[in-house]
């Protein structure tokens, strides 16, 4: 097992869409570990609280590292990516949250289009350490980092880095955190892993659309599971398994997640489908990832003690 | 402070719609406690696993106790109803879950109408004690009871007992549990409290539409808060406050809940609205009540440590 | 066949919720005609362009005439109500449209809740005759009147007059116009017909939420169809039949309408369900009633030439 | 002005995703005309009524001709593509409709995921001429052809040919028919026009997901409008203008379409935004394109007589 570095320098240019049309920046063997220098979702463009998003941001957001080519990965396989460690990097204040005009869960947007003027545009620059994020004199938010965006490549499409879907992507799901493993489908040879957009913490739904964004060194281990066709991303922690649906409206994200979990319980744990359906009614748990991205994300899980 | 009994006998007929058109079955003073004998959501009609819902259920479901008249409650006030205790009652097996044709989160319904035949109809009768619900030889589901349906009366409408909305109703939110207090609007003199539909446990979303239904003795204490106009139900535990939105599609339930929570933080805790919005982005938490009722229910909360 | 008058005077108080809890204001035989003096949706409270909705409107909107008791109508039957004629009444300018704070299709609302300030509040008072509505010097909108709200009574619930659902109600569907017949379910003895809210014209979706509201004399003929259980309202013109779904999200309104139309074609016109489904794919037509009310309304129809 | 041919042979391989990653198959000047040999949505794979979609279809659907490079087109411009003529081609029976497992408006799908078995799989092969499509002995459906899928290229993403969005794509909107002009944004040099998926007729919503698919010779004229930034596709007929929104849920498609139409009326026809909003409430019209694709499509229009 080798440990690779994917630095800003070796990355040599981030991607804002994820698909099969870029050359791999790194080739690894299954079981290898990669230490990735991720940028924040704004690629560092917001340096002070006077840098308004409407003025400093360009066309492209959510820079992704990758693609990482996994030797031997073929369509029909799955990748098992374990988040080993996330650590903030860069000069302080390295955390950023803000409101972006006509974006966010309690704002009119380009899709939920209305005639309202945008909400006020506010930027907060914040000190982030592994101790937490200093929100103000009274509040320090514990450091509970996770990977906001992680995906393999779709077969022929190239999906914007802001969009979560069957390939993973911008799920903004706090369960994609150190210690947990996310399973993603392989649609092209080598799988093509992309990742970025790490959050120092985030509430359910990522309400205003911008969590505690920060640059990190994120360490992942990538394993290959042959012949496991996934429709939606799946996740496993020490305690539970979870299926992840990303679609609109939100009830369809919940349906996709729970239906995939029923299928998982039937295929791999011997449940009758209707039995799984009825048991999840009593003990299933739901995590709202985001309610702001082009698709909303919901994770539906069950404790392993019931399996 | 008086403790009242509202037995099946004194209830003398349940209600399947909640509004101002019925006579109170009990009058209480603010601060009084009521021990309520609730029926299960099927009013006991499903006695064995051979009693199929399509055959034994009548037109009316989700029987409600009440209305309880609270002296002094006037439109513009709120009621603070603390769930003190829930205890199963009735002969074993007193727990029921089942699938109902064309109802449920992973089923075509009358609203999400499709051309599919109904899913299989399955009934499970289960032993329920305060130790838990015996699902099968391997699984016992811990007893984590809560009140599935609780409301005041709308001003002039009478809302079906199956529907959650601004008055409360069939929210199926597990946080309405012993130790917690739910706040409901007063729209008519006396408030008119209705409740029923207690669950021995439930997963997020109440996936198949029928949780662990059981008859109970539920003890509540009802307080009056004058001049507190609520748009949506709110809830308070020892650790957090929560606003509860019930509407379709599900993202609107999330929006309603979070927007009300922002308003609550602004009105009662001194937050600027945009500040509350941005803080909830980092630390808000979401509970999916139901994804099966005429309105979907989401609770959005924040730990008191941040207030 | 008798012709009855239901004047403002004999109505003696309008209703803002429709259910079984009010006494009939008129009893008629099947086949009878009723000339109904309807009020506008604001009950005339907006008299000048200075009367802002936020200042002059009270708690109750959308006044309904009725209930009208139809002799012999029993649960399981349907009423066939033909709109014979609609004529504006009252002093000029008798037409009203306006914007209402936090209401409308391109506005944040109590359900699609956001943090935006309300859009500007604007009132227009307009001359309405059978020639048209004078919008300004350049534009006169043809008089194409219809009944915005018409329903029977639900079985036990009382539904706000602003809400469309299975009983009919505030569908705001321009096809409910002179010459056409709407079919509504009978859920209580006598059926209990309520109506009001006539529009001098309306675009698809009733975008800002307020059409060309005006008081009218509306003439309807009410027939009884025994033993015809309707799930959703249906409509018939000389040229087509249409099923009407009212629910959120809007795709569910479309699904409900089309699924009911498939059932209608199967039950009454001898189609195989899948055949109807595939034919509607090629020739079905959709009318968006409203995109602003508590439920959105879609009518799905097919030309009789295909039946 | 030149007339070009884009035959199956010169196309030399169709595309199933539309983006900037393919080489142009044709370069034209603004004002030029192109006669395009389109394939049907199944690329001819369904030849008889025994060819079940689940057996004969591969991974890729909805073959697109293009990309066509338009000289001088630059980001910030728009293309005005007039549909001049559509004519069926190929051997009879050249029309195809069918049901596809877990796809369609009244079916559980991968997104509106449920536990139902798929609906029956049925294929119909149909004679199509410019006189109409022979459905059966009694029914001939008039030939009202249109282009189901037409787009420019997104800036960096490559969008599946089945998906409609801001670039156009699989809108399935019957107004994209001979005589009308669709306006699409230019996001990359040359614009990159893709098209295909012509329908011999289609009902509103394309209910089962498969219209009267047929191969055609489709003639378009492509003009360039400099410095006209479009957020959503727009359309113009002799009588009306229309904005086209494609997103989920369906109410957001309606909002996007109407909001864009308000902006269009304000920018190009001198309306105050609120005035446009209120006028559209009275005279706007809505066309439901599809209720089956990854995004639902709604066109919102207004007659030119009101502009």
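Chains: A, B, C and D, in written order; residue numbering restarts at 1 for each.
In this text, a contact is a pair of C-beta atoms (placed from the backbone, for glycine too) under 8 Å apart; a residue touches a chain by one contact, two chains touch by 3 or more.
Listed by chain with UniProt protein names: A, B, C, D = Acetamidase/formamidase family protein.
Model, not experiment: these values are computed from the prediction.
Pairs B-C and B-D differ in how many C-beta pairs touch across them, and the larger number is found at B-C. Averaging C-alpha coordinates per chain places the centre of subunit B 32 Å away from that of subunit C.
In whole angstrom, the spacing between the mean C-alpha positions of subunit B and subunit D is 46. In subunit B, the residues that reach two or more other chains under the touch definition are 106, 112-115, 119, 248-249, 255, 258-259, 262, 274, 277. Taken together, the touching pairs cover every possible pairing of the chains.
Those residues of subunit C lying in contact with subunit B across their complex are 16-17, 19, 21, 59-60, 110-115, 155-160, 231, 245, 247-249, 252, 255-256, 258-260, 262, 273-274, 277. For subunit D in complex with subunit B, the touching residues are 106-108, 112-117, 119, 249. Residues of subunit C touching subunit D in their complex: 97, 99, 104-106, 119-120, 122, 124, 133, 135, 139, 141, 201-212, 248-251, 254-255, 258-259, 262, 274, 277-286, 288, 291, 296, 300, 306.
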